[in-house]
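For clarity, chains are labelled A, B, C and D in written order, and residue numbers in each chain start from 1.
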Amino acid sequence: MNKSSFGNHFTVTTWGESHGKALGAVVDGCPAGLSLNEEDIQKFLDRRKPGQSRYTTARKEGDLVEILSGVFEGKTTGTPISLIVRNTDQRSRDYGNIAYTYRPGHADFTFDAKYGFRDYRGGGRSSGRETIGRVAAGAIAAKILETLEISFYTYTKSIGPVKIESFDAEEISKNAFYMPDAKAAEAAGAYLEECMKNQDSAGGIIECRIKNVPAGLGNPVFEKLDAVLAEAVMSIGAVKAVEIGDGIQVSAMKGSEDNDGFHMENGQITKNSNHAGGIMGGMSDGSEIILRAAIKPTPSISQPQNTVTDSGEETSLEIHGRHDPVIVPRAVVVVESMCALAIVDALFSNMTSQMDRIQEFYQK
Amino acid sequence: MNKSSFGNHFTVTTWGESHGKALGAVVDGCPAGLSLNEEDIQKFLDRRKPGQSRYTTARKEGDLVEILSGVFEGKTTGTPISLIVRNTDQRSRDYGNIAYTYRPGHADFTFDAKYGFRDYRGGGRSSGRETIGRVAAGAIAAKILETLEISFYTYTKSIGPVKIESFDAEEISKNAFYMPDAKAAEAAGAYLEECMKNQDSAGGIIECRIKNVPAGLGNPVFEKLDAVLAEAVMSIGAVKAVEIGDGIQVSAMKGSEDNDGFHMENGQITKNSNHAGGIMGGMSDGSEIILRAAIKPTPSISQPQNTVTDSGEETSLEIHGRHDPVIVPRAVVVVESMCALAIVDALFSNMTSQMDRIQEFYQK
Amino acid sequence: MNKSSFGNHFTVTTWGESHGKALGAVVDGCPAGLSLNEEDIQKFLDRRKPGQSRYTTARKEGDLVEILSGVFEGKTTGTPISLIVRNTDQRSRDYGNIAYTYRPGHADFTFDAKYGFRDYRGGGRSSGRETIGRVAAGAIAAKILETLEISFYTYTKSIGPVKIESFDAEEISKNAFYMPDAKAAEAAGAYLEECMKNQDSAGGIIECRIKNVPAGLGNPVFEKLDAVLAEAVMSIGAVKAVEIGDGIQVSAMKGSEDNDGFHMENGQITKNSNHAGGIMGGMSDGSEIILRAAIKPTPSISQPQNTVTDSGEETSLEIHGRHDPVIVPRAVVVVESMCALAIVDALFSNMTSQMDRIQEFYQK
Amino acid sequence: MNKSSFGNHFTVTTWGESHGKALGAVVDGCPAGLSLNEEDIQKFLDRRKPGQSRYTTARKEGDLVEILSGVFEGKTTGTPISLIVRNTDQRSRDYGNIAYTYRPGHADFTFDAKYGFRDYRGGGRSSGRETIGRVAAGAIAAKILETLEISFYTYTKSIGPVKIESFDAEEISKNAFYMPDAKAAEAAGAYLEECMKNQDSAGGIIECRIKNVPAGLGNPVFEKLDAVLAEAVMSIGAVKAVEIGDGIQVSAMKGSEDNDGFHMENGQITKNSNHAGGIMGGMSDGSEIILRAAIKPTPSISQPQNTVTDSGEETSLEIHGRHDPVIVPRAVVVVESMCALAIVDALFSNMTSQMDRIQEFYQK
């Protein structure tokens, strides 16, 4: 697929810059007959909204979505769904001082290298605001998965050095960090206070678990389900590592430890364990899919940093303004959205894998 | 791209099963005028050959490549390059006992789930032998990169718990593990002896460093260079995690630690550090690209394992035959090949990013 | 590419229905640094506007385009260009009577067959209004071609049985039919009067000639330049045939008549004739590219037609309302737009065809 | 898709040159469980074989296909099917005299323009022999369609000025021209004798009719079924025009003549006529799909032609050797193959168009 598109069968194309007129997405390949309204999408967008706690930016972003096409009388028509969110809070002056200075940890330098110049307002296309389009599309993908009873737990596993030590699904939406462990959330808060006091920022780890994915999705060679998920999640700006199942730990395990044996349970072939994270040989095995993404600390910090201008002068830069000291909580729904998009694509692709099922489909 | 293809501009399609007549690849989009012969490709294939040490399988695989098309008078013609490696050592009887039993850690179960049945001879399409096509294509990609002075170090960073502690480029090709640290290689050997004695296997970590990649390759949103590399490397059978730069560590770092500042050096804008691993905002920044892949232990082990048959009977399975106790050394060139394919694709894609460079190209 | 997208390197995705809130397009892969403003696009859109003569519908469609992203300080940034045209004249009542009756010659029946239901307002996605997105994108493609001195003549070659008999480029924009022959335009007017009197409609032929296309664009096998142009133009709703060069006539010619020989002219290899229409073996040969599209008569006519309802009752249908008795003149710019999109895509694809030109590109 | 590939869901990639070691194709996306053997494919290949009458070249091309992968125990496995045909009759000396002279009507000049040089042996990649890969893949597509009871009539409609005047399906395979009219075949023979006496060649028209295609295949905008068919057929070397249904004639028809009304027949919604050729608004309507391709006369003729060398010298060229005076009969199966590939792709794409059918598919 192309530079700004994801998915071969259920395709999202996002567009828009941080401080342009609007941001949005076009979703092509959504089947006809899915009930869909703006509220379905807004619910997802609200999960990435800033200003919900003192650990996220104070910018007010209404981020109200409008469906411009592809839905008629409350149902999708099978034609492209165009989604738009108008930018309302475009205070360009906040960013004026970085028009010609390369912010460390940002895409400013590489953008100039690729394109020769850039929209310097708030990171332009490389802003986290671009994820609005992904999340809006992800909401539709999630709705499709819901009709197939495929569901998600996506949550923060760590903030800086603070890791969760227990899992309570109910807790996830109760704290500012989407952590399934109230105690860890409290400790994360304390850690962030410290970071903010030092004009610094933090990263973390997001985990996504997907239940009830049918076995056989994905492919044995290049379009492996894990490869597509890795691409999907690594395409989120701040992600620097992706793990499936036991992930990096497998490198130190023995075959006898890592292999998931099988047994019978209620007449079903069932795995004895899930080190593989639900994917074997690039295809789903029917058990829970488990994926983790490592998120880097917010690069915009207000302590002085050494850098250069685009004309090659060395300088020191302090980035003020409204920035999240940690983006992990807001990225939770972005990770979930990307995973939902990948799973829907794999579901659709998989429908043509057996000749007799195709015959049956068309004989109806 | 499709299930068995990788790359949008420089596209490889692999085909073939472990115990079929042959395996191969078609490379489409290779520019005309590249000097290429079978030896260029054979050199790469020989790096993945088994039987080179006592830690790799004793199967004899000649794996001699033949170029069937796309090269004329020693140069590529711009048309598809078809590469074939005949299977010579097809002792099916080695695998006969697993025709109806699901091997733990393998794709047997998921293959059946997706396709309804499978070629059970040696893993069929899910065999490590499929990577022959990738490595053959990777050799061509690497040759293109060579003409642009882009070069690789790819090596084993750890085997099981044994990690390298020093880096000596010369050492890489001197030991059986492609480790840049002779001492670590020795320790890895000892560790593997232990594993083999216990009828067990080991995993490890492979690191790939790519020098001299021009800044600006990749894209700011979905076709990010790191996302494409992650997809490329995660599409290798045994990989369960991919890291870029500091990778998973960034989650515990602070912004002030993770950000790479800039300074001037010999009139060039230069990064103070390389936590980002050469990719910022999805685009190369001109510094070394650094990627790591975590490889799981070989799933084929000869100690008894609990599993089931495809008709749902519980059973115990011992896998005998010739299997690598660790596949990490042989996977080194596979990781390098996938990275080379991804970088060439990004180089080609990038040629249309600036209007004035396009005009210049066509005014010649 | 996907269902609603065209182009691999310069990709347009259109969205929107006739009577939805808006229509638009996202253009991805436009190089950075192209001067672009809304007027550049509006000029193209105005060429497909109705209400310009008595032979086009009297509907008032402002069709004002807004650029929502991808342009900064008057230049494209290399990121997706989102274009939107709001629907203002949405008188659904005009179409109310066809909500459940299949209009002959329209996509009503096939839409229901594919999707299970449809947006029946004005043809929904199958309306000619969908071409707004194509034309808006085509304007950008044409602007790129202009910088490379590639230019178009696109005009009406016939309306019903009335054919042009002379070619005067200046005349094209002077008559309501975009015919390069004033006399033929007059005759076409008379013919249409007759059609309208009989509550009937007419079709015609559009010819597109493209000058100064560099030799070597396209590909020798599947992505042939003529195949891509055929796909591009056949994707316009009313087109039922596409010809390149001498087109259908070649079937009755002899090799000695059809072959274009070569001679030298001003030191340049030059064709003696252009029966091939500028494309040999799927690649441009440097001479004028010549393409024709046959457009069917407008299917909406007000004389009674036999048809059925979606519940299977036979009925007679008279379609009243504001319909073009001929859509050929308005389709001229649509054909030109699709050709421009195809040529830009071929230009971009072609940049990687020779190794030494790639080396040169990156050595700068 | 890429330069040498066709199809998004059922993808064929062809490779090979006229005088290289072999030609072939990789088919990716074929569902598992289809019965397939080499004879199924050979039957198709034999239809394009030369040497079957005095009107086709006397070259002996065995063209025996070998299946290298993707089939196990007589059934497709869902993995790529690699097909190879070895070149046996590679008398390069036949073509030696054209190594540096541009043959009129061939791709020699454009190949050099694109790639800087070319494999001049027998047209290299631009040879008609490339279609071996298409036909081999087309045979698999046709086998899939057969299981869905979709069938073809493909035949020669005219040779030069000689047109069929009657249709007898049985007759098609009885004469050397695949004409459904014995009298016309006789006249075509006489016409060709004349051409051959004058060292000249002829073209013609091929018609393809596809029965029993379910309604709803294709898409309303860019991936229209007719657009994809046009691309498919125009990608055959000698095709210069493609028509659907009444084709070019529609331009002179009136709406009242061209519109296909509907009536009820045996409880089914049925079209009164089929001017549209089975495709309305880019989607199949359930009636017969009708397509025609205009084939140009064979460019290789032995009368002297004016041309130039690749170093820019004017010269006269006589092309001797074994060339078909008309390629139309051998192209019949190529047209059928490309149509079969396009229809299978549309069938697979269409399976995700309705949400409730997807739910039903996965609830099994």
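Following the convention adopted for this analysis, a contact is a pair of C-beta atoms (placed from the backbone, for glycine too) under 8 Å apart; a residue touches a chain by one contact, two chains touch by 3 or more.
Everything numeric here is computed off the predicted structure, so don't read it as measured data.
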Counting one step for each move to a touching chain, how far apart are chain A and chain C?
1
So which chain is the furthest away from chain C, centre to centre on CA atoms?
B
What angle of turn lays chain B on top of chain C when you fit their CA atoms, given in steps of 5 degrees?
180
Need the CA-centroid distance for the pair chain B / chain C, whole Å please.
44
Averaging C-alpha coordinates per chain, one finds the centres of chain C and chain D separated by a number of Å equal to 26
Chain centre separation (chain B, chain D; CA means) in Å:
38
Listed in rising order, chain B residues that touch 2 or more other chains are 1-5, 8, 14, 29, 32-33, 78-79, 114-116, 125, 214, 220-221, 353-354, 356
Chain B - residues contacting chain A, complex
1-6, 8, 14, 102, 104-107, 109-111, 113-116, 125-126, 130, 158, 160-161, 195, 198, 200-205, 214-224, 226-232, 234-235, 237, 240-264, 267, 269, 272, 276-277, 279-286, 294-301, 303, 305-308, 312-314, 349-350, 353-354, 356
Any idea which chain D residues touch chain B in the complex?
1-5, 8, 11, 13-17, 20-24, 26, 28-29, 32-33, 66, 68-70, 72, 75, 77-82, 84, 114-119, 124-125
Inside the complex, what are the residues of chain B that reach chain C?
8-10, 29, 31-34, 76, 78-79, 144, 147-148, 214, 220-221, 347-348, 351-359, 361-362
